[in-house]
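Right after this note come the structures.
In what comes next, subunit A is part of two complexes: it sits with subunit B in the first one and with subunit C in the second one.
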Partner chain A sequence: MNARLLPYMLILPVTLFLGVFFLYPFVLVAQQAFSGSDGFSMANFRDVFSYWKFPISLKNTLLLAAIVVPVQLALSLLMATMVSKMKKGRDLVLYVWTIPLGISDLAAGIIWLAIFEQSGFLNSMMSGLGVIDQPVNFLSYQHPGVIFLAIALAEIWRATAIMLVIIVAGIGLIPKEYYEAAEVFGASPWKRFTKITLPMLRPSLQTALILRVVLAFEVFAVVAALGGTLMPVLMGEIYAYQFDLLNSNAAAALALVVLALSIAFTVIILRVLRVPKGASI
Partner chain B sequence: MAQIQIKNVAKNFGGYQALHDINLTIEDQEFMVLLGASGCGKTTLLRIVAGLETATTGEVWIGGKRVDHLAPKDRGIAMVFQNYAVFPHLTVFENIGFGLRMQKMSNEEVTRRVERTAGLMHIDQLLKRYSGELSGGQRQRVAVARALAMEPDVILMDEPLSNLDALLRLEMRAELKGVLAESKTTAIYVTHDQVEAMSLADRISVMHQGKIIQAATPIEVYRNPAAKFVAGFIGNPPMNFLDATPAGDGKWTVAGQVVDGPRVNLDRLQFAIRPEDIQLAEQGMSATAKVVEPLGAHLLVTCHVDGTSFRAVLDSDLTVRPGDTLMLSPQPDRVRWFDPETNLAVA
Partner chain C sequence: MTDATQLVGNTRSTRKAGRYVYIASVVLLCAWVLVPLYFLLINTLSSPETVNSFPKSFIPEFDLGSLTFFAGFEGMLTALKNSIIVAAITMVLSVLIGAPAGYALSRFDFRGKELFRMLVLLTRAFPLPLLALPLAVLFIRTGLDDTAFGLALVHTTLAIPFAVLITFSLFSGIPIELEEAAWTLGCTRLTAFTKVVLPLILPGITASAIFAFVISWNEVFASAVLTIENRTLPAFLLQTLGEAPLHLKFAGGFILVVPALIFIFAVRKYLFAMWGIANR
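After this line comes the complex of A and B, so read on.
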């Protein structure tokens, strides 16, 4: 076998698989998004952008990502640092912390619904403590802030572990000697974190952030469970176009918008956390 | 003022004892070299002084203050790591300036010091590079420059020149010694290169299996090794040893010759002489030449004396062929004696 051809032969099956089951449907979706009554048209996009729910759902999606992702980043960094310092029981703690990863997002939404709904856990606790006289419907249109908070909490609870796992692996790759050198040359624990851990963690942070931001733009089931129609998000609107309004062209167009958003943020994250040539571990 | 005192320091790693009861005082501004074979505990001792490792027992004092419970940064030290530990995500400039930045020094001062130490280490061309773009020797010099830039009271160097070529090492060695003397820095310098140790040290501590066997000036270590291990370790080629039996009244029989020796009540001693302290003579110990190596300035002859291998450094004008019988005469005032039981020197 020709050694120069071998690598290409080896990746061929995967490439074919992706081509057939990803690229081809993607092309179909794009075609659908750009087609109107007579050939190529931007009409679908115009429809989507001018619909009154679009700005709200865009705002909700971005706001949710802007709040959830940084909180998750901070939490997972904190948790990863703590776990990396542990000598015993490290794996057990990691398993426990990653349990929410094994639960589907809809199930996660339902769990939090059980906490927040009118006959839910939070209400019974508060009335048990005598804080409230009668059950409150937290997830009603009167409390949009609470709905948002509940969704954010559920998302943080559900998906922090995925960043945690990536960051724990990344921290494990940083050789101990750099911390020792930093310590000798006068870096406090906080400085060691900001001057050694964070910059050396850039490749892992890239992966974790891209994964998480893209997933945040795709938030759907948790919102559906907790907010219903009270808090529109982009994914929910795609669903509505496709199955309620039966406008699959508009659904395709909006899907492309979400894709563009994801790509834009991926590029930004890659640029901001770029590791210069020659500067990797 | 930064005298370093190491008092009764021992270190256990699990069941393995890496250091046994180390006692050593390094005077203010002294250049102390730790010399010893691989695995004898040099790095461990240095790390204990630095505060990166805690001694199992014992105390460390720096500048008259007990520092055992101080963090490394509060000990007034800088360190060159054996594996360099040059930060890969920082440029050479920022690596050298790392400690200065941590002290919140002004930009001008950082630049001044970085440029000066980089110049000293001949890496001023590399300031903008990352460590991934450096050779091992260049990286090592960044590590040295980073420590020098701190202008510390105490500098700890773990084989800082091991990765340089012979010529550059010679140059850096002189440079280092000059800079440290000028800045009145107390230095502990680890190496297993005895030539380097000899040329740099005010005093050498010879280590062996976690113990300090002898701590003395280079010439003392060379002339009067305190133990057989030191005699065999220092000097290239090392000292020769021959068995000696008492001939009464402070005389000892060595290879059929009767020589003056110590008046001790032992039934065996080891006679020791450096290869360079031997001359050809009319009469002396009879030796059979085995290997003759012309070294330019000298002739290194490996021969058999009394059934033992024995080396002599002779004048290069002589013609000696393998198989020749030579009469060797040791210079009497250079002869040393060791107790074969304890392996320690006998006066």
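After this line comes the complex of A and C, so read on.
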């Protein structure tokens, strides 16, 4: 076979597949979102934006992302630095810390339900300590703050691992000589972290943040398991449009909104953490 | 003199204290991951009555009541079977389609390589499960609606970027000289690949396949949108969340978690290598 054509033959399956199942559906979803009774229309978007649940679900989704992602970033940076100094037991600790990577958002929601539900472990612990007499129904409409906290904790618990993996891999790529040189010049551990690790980690931080922010906008099953309909989020509303309200045009319009949000934040992260040309490792 | 010894003693004791803080934080962070899992285990291995009672014991009673109830629940085992079928198809498809591209990226310089890499990386910056919405209509037209194969196609879209990147890093780890040596010894490009490269990367390919399996196994949104009768386990659990008794939820959650634990253990070596390459 022609050696010049071979690479194209090899990437053809993926390109075709992504064309049919990635690019084409986006055209379809946009078409559906802008379609009305007589051709092009913004009616679906007006429907979606004027629905009373839209501002709440947008606020909840953004607020959740704004709290969860920074905590995860700090936590995974801390964990990665701890692991990089470790000699004994590094593999075991890394395995334990990456366990949640394999756990689905639905399962994570159920796991935290075991803690927060009325006969759950938090109530059992608190009554054991004598803080409460009666088990409290934390996940009810009377405690919106606790529902939010439970969802945030479940998200932090589940999805910090993916950031950890990316950051640990990134730290592995930083040449050790930089640290040795810094040590010779007497830089403190904190200085070394801020002057070497963080700047050199930029590409990894980019990947990690984009991935996490996009996933944070997709939050769905954790909320379904812990909050039910008490805490509306964008993905949950899309699901409701599709199945409860049977309005797939509105679902498509809202899907475009989530998409636009994801792309906007991806661009922002790429800009803020851009790697200067020629400065990569 | 005494000052100096005291100073040395002080730094030593602060260093010792720092070491304790360090170990304590590692243990604490391990507990943060493991304790919630342990709670789920307690609930799964308790009888339905215990799961719904208060207060909870912090030791499992090793009763299989909840799991038996789970297995006997109408439609649950079918959903479990569907999950396995969809994940298996996803696994095969993503490796078959993704691995050749990974090989091309690691071995060739060709025009449009960067563009292709961008396309693959771009898929990760999009909320992919949303694609299930337009595909639902498309699938009804083509007869793929509510089938394991149709859902597996969508899950393959989720898994392919990872399959390409993992296989890319695997192939990059094998020196091209090995292949060239095989060519000089009379192998064709294909036989050199099957006789020399393939045996070397087979464990890595398995890891990438397992990763695809987990991605499909865990996916909720697209599964719930695209299946009605043939629900996968996560979709079925999601549907029953509203009315299902607690012990069913916990047993279901447990069944979801177990394969994931084993799989992550099996692929742990490759997790870091693959992300290291993917970031460049």
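The rule is short, and it goes like this: the second predicted complex is superposed on the first by the 271 of 281 C-alpha atoms of A that agree within 3 Å, B and C clash if a C-alpha of one lies under 4 Å from a C-alpha of the other, contacts with A are read in each partner's own complex, and residues count from 1 in each chain.
We take it that contacts are C-beta pairs under 8 Å (C-beta built on N, C-alpha and C of every residue); 3 or more make two chains touch, one makes a residue touch a chain.
Just so we're clear, the structure is a prediction, and the values are computed from it rather than from any experiment.
S.K.: Scan A:131 for contacts with subunit B and subunit C and give back first, second, both or neither.
M.R.: A:131 sits against neither subunit B nor subunit C.
S.K.: Based on the superposed arrangement, let me know which partner A:180 touches: subunit B (first), subunit C (second), both, or neither?
M.R.: After superposing on A, A:180 lies in contact with subunit B but is clear of subunit C.
S.K.: Scan A:200 for contacts with subunit B and subunit C and give back first, second, both or neither.
M.R.: A:200 contacts subunit B only, not subunit C.
S.K.: With both complexes overlaid on chain A, does A:191 touch subunit B (first), subunit C (second), both or neither?
M.R.: After superposition on chain A, A:191 lies in contact with subunit B alone.
S.K.: Looking at A:98 after the superposition, I want to know if it touches subunit B, subunit C, both of them or none. Which is it: first, second, both, neither?
M.R.: second
S.K.: On subunit A, which partner's contacts cover more residues, subunit B's or subunit C's?
M.R.: With both complexes superposed on chain A, more residues of subunit A are touched by C.
S.K.: So which positions on subunit A get touched by both subunit B and subunit C?
M.R.: The overlap between the subunit B and subunit C interfaces on subunit A comprises residues 280-281.
S.K.: Can you tell me which positions in subunit A touch subunit C when the two form their complex?
M.R.: These residues of subunit A touch subunit C: 1, 4, 6-11, 13-15, 17-18, 21-22, 25-26, 28-29, 31-32, 79, 82, 85-86, 91, 93-107, 110-115, 117-121, 123-124, 127-128, 135, 157, 165-166, 168-170, 172-173, 203-204, 206-207, 210-211, 214, 217-218, 220-221, 224-225, 228, 235, 238-239, 242, 248, 251-252, 255, 258-259, 262-263, 266, 280-281.
S.K.: Across the complex, what residues on subunit B touch subunit A?
M.R.: Going by the criterion above, the answer is residues 50-52, 71-73, 77-79, 81, 83, 85, 87-90, 98-99, 102-103, 129-133, 146, 150.
S.K.: Which part of subunit C faces subunit A closely enough to touch in the complex?
M.R.: Subunit C reaches subunit A through residues 22, 25-26, 29-30, 32-34, 36-37, 39-40, 42-43, 51-56, 58, 96-98, 100-101, 103-105, 107-108, 110, 113, 116, 119-120, 123-131, 133-138, 153-154, 156-157, 160, 164, 189, 214, 217-221, 224-225, 234, 237-238, 241-242, 246, 249-250, 252-253, 256-257, 260-261, 263-265, 268, 271-276, 278-280.
S.K.: Quick check on the complex: what are the subunit A residues that touch subunit B?
M.R.: 175, 177-178, 180-188, 191, 195-196, 199-200, 202, 275-281
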